[in-house]
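Two complexes are shown next, each including chain A; its partner changes from chain B in the first to chain C in the second.
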Partner chain A sequence: MAELTHFDMQPLQLTDDFRAVTIAPSASKPSRSLQAELDALNDLHHKLISSEEGVLPTRVPGPPASIPPKRAQAVTKLRDQANDLYRKGKHVEAQKMYTAGIEMARARPSWQPCAISREELGGLYANRAQAYMAVGQWAEGSVDAQTSAELRKMGNAKAWWRRGKCLMEMGRLEEAGEWVRRALEIEGGEADLRELLEDIEKRLARGKA
Partner chain B sequence: MFDVDWKGLALPFAYLAVLGGALATFSTIYRKRKAARSANLEPWFGPHVSRDIYLTLLHMLPEDPKDEKATKIPVTMVRAALLRRAIEDLQRLVQIRSAKQACSSLLQRGSVGDDLWQRFQRAESEMQAELQDVVREANALSPQWGQIIFQSANEILLNDRMKEQIDEIQDTVESEKAWWAKRKEEIGSELIKELDESEKSSTTDEAVLVDTPEKKKKVAAKA
Partner chain C sequence: MSSDYSYDEQGQFFPFFVLTVTGLVTLPLTYTLLRKSTDDERLAPRIKTDYKPQDGDAAQKLRSAHKRRQRKVTRALVTLLGWAIMGAMVYLIMTTARTASKIWNPYDILGIADSATEKQIKSHYKRLSLKFHPDKVRPDAAKNETVETLNDYYVELTKAYQALTDEEVRNNYIQYGHPDGKQSYSIGVALPTWIISDGNGKYVVLVYAMLLGVLLPYLVGTWWYGTLRKSKEGVLMESANRLFREYREEAQLSDVIYSLSSGREFETVFAGDQADSGLSRIESRISADSDATKSRFACGFSAKDKQALEDLSEGPRRKALALLWAYLGRIQLDDAALTKAKFEVAPTARALRDAFSAISLAYGNVKPIIASFEANQYIVQALAPGASPLLQLPHMDNKIAAAIEGDSRSHFSVQQFLGLPDAERRRRAVGKGLLSDDQYKTVLNIGSQLPLLHLEKAFFKVTGERCVLPSSLVSLVLKGRVVPPGTQNVPEVNELDLEDVDPAEDDLDAITGRKKTVKGPDGKPITVEENKVLPPLTFAPYYPRDTPPKWHAFLSDSKQGKMAVPPFTFTHFDQPAFDEQGKPTFAVQTLKAQFAAPPQAGQYTFVLHLICDSYVGFDTRVDITMHVEDAAKANKVSDDDEISEPDEDSLAGQMQALKGGQAAPKPRKKKAVDDSEEEDSDSEEEDDDTSATNTDTEDES
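Let's turn to the complex of A and B:
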């Protein structure tokens, strides 16, 4: 148990504004792993002292289960506005609004439950993919749909379908077929996905003929 | 009858004494060497940087809060450092748990030496003590923090991984866009070429048509 009482003193010092820790200049050779860890520490410290979301008065994260609802409300509001714009046919404006929503959801403090972020971001990326597809931006659409499917694998047939559709539209039929088959395994024979697969296979057959 | 010939027995006794002595010496030396070897065993994990940082900061804290000259490490920084330490511990815990199954089955099959198993068991017990230590420190730094520090650490770990995953996919956007722009151009020029060719082929079609009757005639002639 010598491990527990022993530690290696690190050459650390505070910056002049007392807000960050750096390697002291007296250190013989600055270690890269130490620098990386200090960067992570300073970043976390900064977030903890400047955030009000789910932080206890002692500046430590509170229980992950109790989270203030404000951010979730803001994200929902942005998504609803974006959905409205999309329905009105303002696809480019809708893309921008979804992007704003994504930024809002991404800025959620990392000590809050990851499951919430996955849910929010998964939905937003899937919707932005749709807004890209509406104006024929297949490349952006496919990347967003892939992001969404990666975030929420189950119960996210829309995202799977959208990437498959984008790949097909770009003529990447082999890739699209593979993607949709994987989607069918996960989503369990969704009708839209099966239809898309048939379409892809038809086009493949036509290409070979 | 009970007259023992002590002189005659001296030799066997001496033999036993030498044998016992040799065995005892061998046993002590062997045990000492073994102990020394296990003490020198390579630790399972590399240096625990975040733990070192935490303890260094703790030592830099002024012993008397009113002492003006002492370095003013904000206590919030120490708390953040403990959280970083908890995050690293969780990663190590996951590594140990996933290694345990593999390690014990390899040991049973004799594929790995006793050394590895010893290192592993030491790492496991140290891990246990390390986790308890973090909980104790957390409770000392903020009331009841020990109960939730690992929950928060776990969420931070998951969120960081998720963001990495997102960035990895989203970073492909530029190359995908560039690929699609190029491909679209290619498709466009192919389409124009096809149109040109179909114009040309409409003239060659007639030539073929002219040919066919002759061929037919030849076939007919052969028949």
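Let's turn to the complex of A and C:
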């Protein structure tokens, strides 16, 4: 068992309306990690007392089987609207709508299974990346595509492809090559990825020559 | 209290006892002392160089201190002492006059020659008896003679005479060596009598009680609980617990370094006020701005790592982590005690890394496994994460490495730099503020001795089979050559060397692995002795221990990010990699690892990682596919050998029809066509079997 060698007294205090725990102003050293922990605690507390979503009358989160579908429906609606806007060519509005969907999905309470959020967010980030690419914002597109690929590694070939394309368009050819090779390891069968890799290598060869 | 045993009253047998007991201890000790050490560290060759890093004195001193500690000085002293005692006892034995019975020689007693005749014996005896008869002789005090001794002497004379003349006595003498016949057994105890004399007995019992009841349990207890406290890797169990809690699925190199600081061993080293002294100095030095890269600090850690360090509360862990970063960043601390502590942190961190590696292997996620191997490399070479691998070469520092790399986005590896043409290398590396000519030569010299294993071929093989069967014992065969970085004129690989030859069926030595089979010059398999060639010890001037390099090979499943086959470790080669002049031999080395194939047939894609655990940037990653064939397909025998269904027209065919079996197939009408199509698919042949009564004399091959 770990030995308890000493006891640390943290300088904490409650706010007047008992809504949050903060660090007392008399604290000598501002501690980043302590503040981060308190933020997480306050956030959770806020979610528990304010949202009715999946919370029993006793302010305790309900069982995981009964997830209220409202949030999922809202996210789906936002996504569909954004897809429509994208197809109509209104890329900037599509980006905004995707962002709204992302915020909605991210605000899902943490006691609900995270797999749902991951799926939703994976799709939303990938689509937002596409929207950025359509207006030539390669950097933002690559970040979003990377987020999507990290959320869902398998079965998400388009996210991998999109980041590869963004990096290539930005001129970061070596990184693009690395990324697409990693993608091929995971999604070996995608012909698009192979084509992309060939493109990148062609450009690299041209660059060296 | 006395027993029937005769104790050693004169103290003449005591030396034998001491001699035996000391011999029992000294002789094995001498053997272990003088026997040649089979430690890899002692047998392996070293990279020949005179290079000494600027601040590497402390590391060098610690290295020699560690070797001294290992040199068995106490054992040698104890052995010498043992031999001295044995020598003294032997001396005592030789010089103590023994009252043990000598061989009874009647001729000597009578004082005559061996060759005396009977008559001479008789007359001689008569004369002696006249002289020495007890009634006649008076005891002479000057010669210590008493009546008893005189009587005894006369009896001896008589016995001697009778032994030579009297039948009965002579028989006794011949049989038993003594005229009185069978002598009784006497058991003597080679210990002095004072042990059992009055009063002393209880002290003896007390001594035994102390030995058995107190000393022995104490020794066994300290040994047992000492081993319980440590895990298999030589790390305290508590440290292993902490490392287990620090394990993260997505651990990177910096995370591994952070976790290593949680070891309990550091708390014992930095106990009490030692934990705080010098911490501010270390932290200010490591957090200074780096002279090479903007995004990292002097010791090579990023802002995130700095935050992680500062979030730790002050104590041994913080100091250990700070020292570890200082060691990795090769920071000068300008304080003898701190510098010594800095170098001492590295071997402890390495031991903890072994424990972390065991934990990550149990979990099976590839990222932490690779991170832990990288941690080993970076700790041995004293490189920070994100630093250039060129710093492994002598005389290099961050500025020179940055100058060499120029505009390149990523760092050069050692083999990349040394693989450049010489003019290009010189242009980049030699100059003002960079390397001097001599230093450049040292770099080339050491570079040409580094054991870089270049993978030529990797394949799967099952001994004795053409293909891999499900659940068979597969060997992963790696064929590589040691090509030091910067070698020009690398010869082509001999294709024959890349094959893995199965041993002959009756070759027991090769099958059990004692010898190996290669293709001889005529293409036939021959067995040769396995020799064990050790690679040179790692060139790590900043690491305070001698380490031999090892290679680890494992297969990972990239789709799931998990390890498919656990790592196999290779510590030695089977061919010498360098000849006597130090030139590389380019001999093909074979590394084999065995594991069980998956139970289902199919195609399995893996990524093979071949990692050297002491050099940064010497690793190889290749995609490799294993085709597992169906057992049935592989065992297909030619159908001409099969027993065919009986022909319909024959008796057997009608019997079969009666039994309700299948209608026997008609004999082949397309026989002529079949003969020409010998490579026909098996299914077609199955239907058209030759009949059982086929009287053709064609070859059934």
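Assume the second predicted complex is superposed on the first by the 168 of 209 C-alpha atoms of A that agree within 3 Å, B and C clash if a C-alpha of one lies under 4 Å from a C-alpha of the other, contacts with A are read in each partner's own complex, and residues count from 1 in each chain.
Assume a contact is a pair of C-beta atoms (placed from the backbone, for glycine too) under 8 Å apart; a residue touches a chain by one contact, two chains touch by 3 or more.
The shown structure was predicted, so the numbers you read here are calculated from the model rather than taken from an experiment.
Novice: Which touches a greater number of chain A residues, chain B or chain C?
Specialist: More residues of chain A are touched by B.
Novice: Taking the superposition as given, does A:I23 touch the first partner, chain B, the second, chain C, both, or neither?
Specialist: neither
Novice: Where does A:M154 make contact in the superposed view: on chain B (first), on chain C (second), on both, or on neither?
Specialist: second
Novice: Examine A:A74 and indicate which partner it touches, taking first as chain B and second as chain C; both and neither are also allowed.
Specialist: After superposition on chain A, A:A74 lies in contact with neither partner.
Novice: Counting only touches as set out at the top, which of chain B and chain C does A:R32 meet: first, second, both, neither?
Specialist: Only chain C; A:R32 stays clear of chain B.
Novice: Regarding the shared-chain residue A:A134, is it in contact with chain B (first), chain C (second), both, or neither?
Specialist: neither
Novice: Touching A:A100, do we find chain B (first), chain C (second), both, or neither?
Specialist: The answer is neither, since A:A100 touches no partner chain.
Novice: Determine, under the contact definition given at the top, whether A:E185 touches first (chain B), second (chain C), both, or neither.
Specialist: second
Novice: Going by the contact rule set out at the top, does A:L204 touch chain B (first), chain C (second), both, or neither?
Specialist: neither
Novice: With the two structures laid over each other on chain A, which partner does A:L41 touch: chain B (first), chain C (second), both, or neither?
Specialist: A:L41 sits against chain B, while chain C stays out of touch.
Novice: Please report the chain A residues shared by its interface with chain B and its interface with chain C.
Specialist: Touching chain B and chain C on chain A: residues 8, 33.
Novice: Applying the document's contact rule, which stretches of chain A touch chain B when the two form their complex?
Specialist: 1, 3-4, 7-10, 12-14, 18-19, 21, 33-34, 37-38, 40-41, 44-45, 48-49, 56, 58-64, 106, 108, 110-114, 117-118, 121, 138-140, 142-143, 146-147, 150-151, 170-171
Novice: Using the touch rule from the top, collect the residues of chain A that touch chain C in their complex.
Specialist: For this pair, the touching residues of chain A are 2, 8, 31-33, 153-154, 174-175, 185-186, 188.
Novice: Tell me, which parts of chain C touch chain A in their complex?
Specialist: Against chain A, the touching part of chain C is residues 238, 241-242, 307, 310-311, 313, 409-410, 558-559, 561, 605, 607, 623.
Novice: Using the touch definition up top, name the residues of chain B that touch chain A in the complex.
Specialist: 43, 47, 49-53, 55-57, 59-60, 71-74, 76-77, 79-81, 83-84, 126, 129-130, 133, 138, 141-143, 145, 148-149, 151-152, 155-156, 158-160, 162-163, 165-166, 169-170, 172-173, 176-177, 179-180, 183, 187
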